[in-house]
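There are structures below to look over.
Common to both upcoming complexes is chain A, partnered first by chain B, then by chain C.
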Partner chain A sequence: MSRKSQNSTRVSRRTFSAGLGAAGIVAGTAPFNIVRAQGTPLKVGVLLPRSGYQAGIGQDCQRGVDITAGILKDMGMPPLQLMNADTETNVEIARSRAEKLISEGAQLLVGAFDSGQSTAIAQVAEQKGIPYVINIAAAPPITEQGYKFVFRNFPTAGMILGGAFAAQKEIFAASSSVPKTAVFLHVNDTFGTAMKGGIGAVMPKFDMPYKIVETISYDPAARDLSVEISKAKATGADALIMVSRLNDAILLTRELVKQRWSPMAILSMGPGWYEDQYLKTLGKLSDGPLSFVPWYDPNKPLSKQLEAALAKAHAGVNLNTNHVYTFEALLVAADAYKRAGSTDPKALADAIRTTNITNNTSPGPGILFDAKGQNSSLKISGIQNRGGKLVTVAPKEAANAKAEWPLTPYDKRA
Partner chain B sequence: MGGIIARLFGGIPRRGLILLGVLLLALIAAPLFAGSYLLTVLILILYFAYIGQAWNIMMGFAGQLSLGHALYVGLGAYTAAALYVHFGIGPWIGLLVAVPVAALAGAFIGFLAFRFRVGGVYFAILTIAVAEFARVGFDHLTWTKGSAGLFLPVAQYTHNDLWNLRGHPVMFYYILLTATVLALIGCRALLQSRMGYFWQAIREDEEAARSAGIDTFYYKMVAVVISAGMTSFAGVIYAFFYNNLFPEQVFHISRSIEIILGPIVGGVGTLFGPILGAFILTGLAETLSATLEGLGIDLPGAKQVFYGICLLLVIVALPDGVWPWLRKRIGLTERGS
Partner chain C sequence: MPAEVYLNVAVGGVLTGLVYGLMALGLSVIFGVVRVVNFAHGEMMTIAMYIAIVLFATFRLDPLIMLLPIAALLFGLGYVMQAGLINRFITRPEHSQFLLLVAVAIIMINVLLIIFGPDAQNIQTAYSYDSFQIGPLIVDAAKVYAACAALVVTAALFAFFRYTHIGTAIRACADNYTGALVVGLDVKRLYALTFGLGSACVGAAGTMLLLIFDVTPAAGPAYTLLAFVIVITGGLGSMPGALLGGVLIGLTEAMAGLMFSPSAKSMFAFGILVLVLLFRPQGIMGKRAA
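This part shows the complex of A and B:
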């Protein structure tokens, strides 16, 4: 399921190495080698779950891949030859595809959205000594294994939760009124249950101004959530803390409108409330909820460039986490290749280890990796829905708007 | 010993033995010639060939349809992995716990179903239900890290550590090859035994078998327990090869369906069907991917469509599976081979 794209130059790894060696003998100088290497595209294997139950997200990540070439060229980065592979949302296939890409000459791997698949790929990358840049995967153990060739430019689960509470506190600090009580509503699937456990463990460390007065779980496939909203409303809580998916986020919003309850804030710690489909389906009723997620810094010039490229390629699609972090993984690859001046995997890995990209898109000082290969300087953003678009309200240094606070009551929207 | 071997191989045409020997030699020699990618594909094929044989004992021999075999893979995988992570107990010792755990789960399902005469489609639904219970349960089991996933420590490749199953994929390949061959021999021995004939009698007509004095409850229970125990071994290998376990992936119903595709395509109830089915499905799917890639076509999901077409073709054209048809074509007509 591989597709070689972007460049018509088809040089196998073997012929390239032979050519490089011959050039080295003739010239006898290292700088000449570097010039030769830069002329050849770096072969990057991109592994994403483009079929199976994560297909929608995998294909969304692919949009981030598809808009990368032009932007990297504008940035003066060396060319990449992208080799796309579908992991089929399957750990075994992810592993075999990684092996296949490497056997076909991939000099660096990128992917794979999911922690299980990323772990399987990481083992192959480590065994073969091929650098692997993870775009999205939050399980902390991936970068706790002592790998030398595995790098992750995405926050771990702990970083996401901690960052979410920090961003909330920043928003509260700028407001005259803060919620004193909250109801925690979450889906009872894998993600929702994990988040519930994580929130319970992390929240006490942040001394939040609100107290969770009730926790309500519900089935992600539920077709009616009126009882859950009635229970939440009955508590008289100031805010709703949400961990949900797309369909239930829409259902819950409709139920809030029907039951005429507009809490001071809806604070989401997961997907659903900021997704394109939520905004399109609910129109003006979608305005107001705050989501705390790994996002992008809209003030950075590169983010604007990425937004423009996405709008051109896929009109009507808002730039999101999937595009941004997949793009940045490829940016890391191109930057490392530029600095290493070589396609040698070890040289590339060494270059990635010393990455310091400040012209990037994700919030925080930039892309740099610690000794474990983790970018631990990433920030979590607070984003708010406004008129079918998303604005960033936290952290302050990555904000392009102030939080609209409290939530405009649903019955008072023009 | 000579008698046992003679009984095992007795009745197999000479041509069949030669073909089997050639295939075995080819598989033994494969890592010498196969690159890393092909080796990974062969590991997948052997994994499904082994596990397909385990499933075949229940469905193919005893006629009990299980659509929840991922349960036993998951139990085996989680038991051995958790023992390794928490207590440093190696996988082979862990196997001594994993197999009984899976067998007990199988016995539980079997007891519920057979005691209360739950059969056919309802039995299949019960197997799905228990696998789903396990998935949800492991999602919340903090000892195995719940939905956050259980990660085994990083594998080292400087040398092969067979005792701790840490090492190169070639080691896993030979383990799975050995397991597949042993499973084939074991299945033939079972099928030729008194119990094997009782299973086939139950499969063909349970009422008639009971009337003939066969203790159908007992023999069906034995089929479930053996099948579950065998399947759990594949789970242990899975855990130590991939080094991470997520309930959502390990116990998912799609995994159970994957397990049964090979035997269905190859031939349910035959000895060689599950192995042939695994080669056909995994091998041809990879060939399809390579062909599409060669043509410059990027088509995510093509493999799933291919699986669907294969199933349709087999159901319509070869309802007994590919192996019974192929067996006749190459002149291997011995029953049950």
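This part shows the complex of A and C:
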């Protein structure tokens, strides 16, 4: 009995050899598997509105994609194999393109600039169990559905509005004249409607000096916005509050000039007014509008790296929201892949959930997601168009210029 | 709201509507004679707009100067399309004609996409941002020029059909196809001429519209639809009807945007269309079918 017991606990040479061999196999192959997974690029489907009326912005987001590979490599991130798809600025096409990318082997999705399109892609990603990192889309419901595979490193409409009103008050405090009345013009798509609802809910909390005397919604694909400006002008409001896209921002500015109306301020809370195409198309007429948007912190080291990479790849293009948040979505994907060590969708989603990137570009402490998959620590900046460039005027800690106020009338520009 | 706001918006709507009318006139002329509905109408207009963009970028030519050359180019395109393609479908069922022209439209959109990309493009003339002020009335200068050009082109087309031998022959083809053949008219050549003339109208309208709107390759179908709404409202085949329909739709869109919601502009234009179809199916100035 005792002898048997001794035998049972004693490790024989054969057992030891077998154990050593097994341990060697495990020890040898486990890290090898990780290395092998990371040597293989992660297949990332990038969905953007590359055609249709949002094409200008979709292609601007693509510039952010273009400069990503080199920077990720410098950061020691694993490679990504990008699979591009065009949503054609259409919700249903966005949905079908997402399904197609997944069937073609995409292991993670990124995109799609627009809330409506992103909502459709999120449904597909959740259904198929493929992680989806939203680059730009602000409609709050996307991260309120209890999704497990959907993540957003972009502020919600409520966050944008809260940050925008706070930044506006900061600018007003440094000025002798403030607007007393405003007209709110917004696109009638998913984003615009969400922002409209958000303004009603958030504005009363900030005790703003102006009141909204008229709200005008319009089709973002409209060819002519003269009636909208006529209606806004008739109110005699001091300021225009805008939630728009790119083409309509250009059309609205043209109408302001033609109808000889220069409000005290144009306060935008969405894309359009700071885009490169806006600045280039309108020249000196593009100066003045203030945009309160998710921007980048010009003082962060990675922002400078991004600016340099963009200047090299696309000379003369200013770094903006589209580049920054598209880049950061891909950074989240690469970082998760690096930590997960696997292309397994669940492992990737778990890794994204525990993201904590402090070396980033967007204002705030960094990229980290709450239980809903939302980065709720992002900050909003106030930026102004000036001489074809963009300067940050709020918040003070991230500002590199003082706001020029009020807007120089269009007919007084040299 | 002050009365001058209504006046400003109404004038803007009428001016835009006149250019819409010129665009729709081409569709109406082609249908009135050839009895083929041109489903590539809007796409042909976007081609004219892109030709204007290229000519402007290359030679800095003002759209008002480019109007005739572009109309001539589109005349050639229309003539070749009718003579080389559509004439073979004249006696075929309507669904064959429909599919042919939809296919042509899709090809045109994609060729434009390949050449020019998807971005919206426009031209900036010296008067792009000008406006005329008459008392409280502020009128967009580009819209005034475009509307005047539309009226001149319409008058010229009307005179051509009324006072020239070819115009009379074309009207004869429209009135009685068999009769025209019996008296020895070369109907297929006259059809090609008519399609060319309709296309020239579209070329002129596109050049003028570029003063007011941006262009993208995908803009074509919306213009085709708009042209349909206008000619059905004004009366398919009626030249004055097309112009009247254009003004009515332009004015309705503008006033609905002002009085209700700009988002609902198109809804009111389609509302007019439904009313016309219900109570005057031949259109406001169309002839009742025998």
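Operating definition for what follows: the second predicted complex is superposed on the first by the 247 of 414 C-alpha atoms of A that agree within 3 Å, B and C clash if a C-alpha of one lies under 4 Å from a C-alpha of the other, contacts with A are read in each partner's own complex, and residues count from 1 in each chain.
As a working rule, a residue touches a chain if its C-beta (ideal position, glycine included) is under 8 Å from a C-beta of that chain, and two chains touch if they have at least 3 such contacts.
All figures in this text were calculated on a predicted structure; none of them were measured in a lab.
Engineer: In the superposed arrangement, does A:F191 touch chain B (first), chain C (second), both or neither?
Structural biologist: After superposing on A, A:F191 lies in contact with chain B but is clear of chain C.
Engineer: Is A:Q127 in contact with chain B, with chain C, with both, or with neither (first, second, both, neither)?
Structural biologist: In the superposition, A:Q127 contacts chain B only.
Engineer: Taking the superposition on A as described, I'd like to know which of chain B and chain C A:D224 touches: first, second, both or neither.
Structural biologist: Once the two structures are laid over each other on A, A:D224 reaches chain C alone.
Engineer: After superposition on the shared chain, which partner residues are touched by A:Y147: those of chain B (first), chain C (second), both, or neither?
Structural biologist: After superposing on A, A:Y147 lies in contact with chain B but is clear of chain C.
Engineer: Report the partner of chain A that touches more of its residues: chain B or chain C.
Structural biologist: Touching more of chain A: B.
Engineer: A:K412 contacts which: chain B (first), chain C (second), both, neither?
Structural biologist: After superposition on chain A, A:K412 lies in contact with neither partner.
Engineer: Under the contact definition given at the top, report the residues of chain A touching chain B in one complex and chain C in the other.
Structural biologist: 50-53, 55, 59
Engineer: Enumerate the contact residues on chain C facing chain A in the complex.
Structural biologist: 1-2, 5, 8-9, 12-13, 16, 113, 117-120, 122, 128-131, 133, 138, 140-141, 212-214, 216, 218-219, 222, 253-254, 257-258, 261-263, 265-266
Engineer: Sort out for me which residues of chain A touch chain B in the complex.
Structural biologist: 1-4, 50-53, 55, 58-59, 84, 86, 88, 90-92, 95-96, 99-100, 102-103, 115-116, 119-120, 123-124, 126-128, 139, 141-142, 145-147, 157, 189-191, 193-194, 197
Engineer: If we count contacts the way the header does, which residues on chain B are in touch with chain A in the complex?
Structural biologist: Of all residues in chain B, those touching chain A are 35-37, 39-41, 44, 47, 139-140, 142, 146-149, 151, 153-155, 157, 168, 242-244, 246-249, 254, 286, 289, 292-293, 296-304.
Engineer: Quick one: which bits of chain A touch chain C in the complex? Just the residue numbers, please.
Structural biologist: 50-53, 55-56, 59, 188, 216-219, 222-228, 230-231, 233-234, 247, 250-251, 254, 257-260, 277, 281, 285
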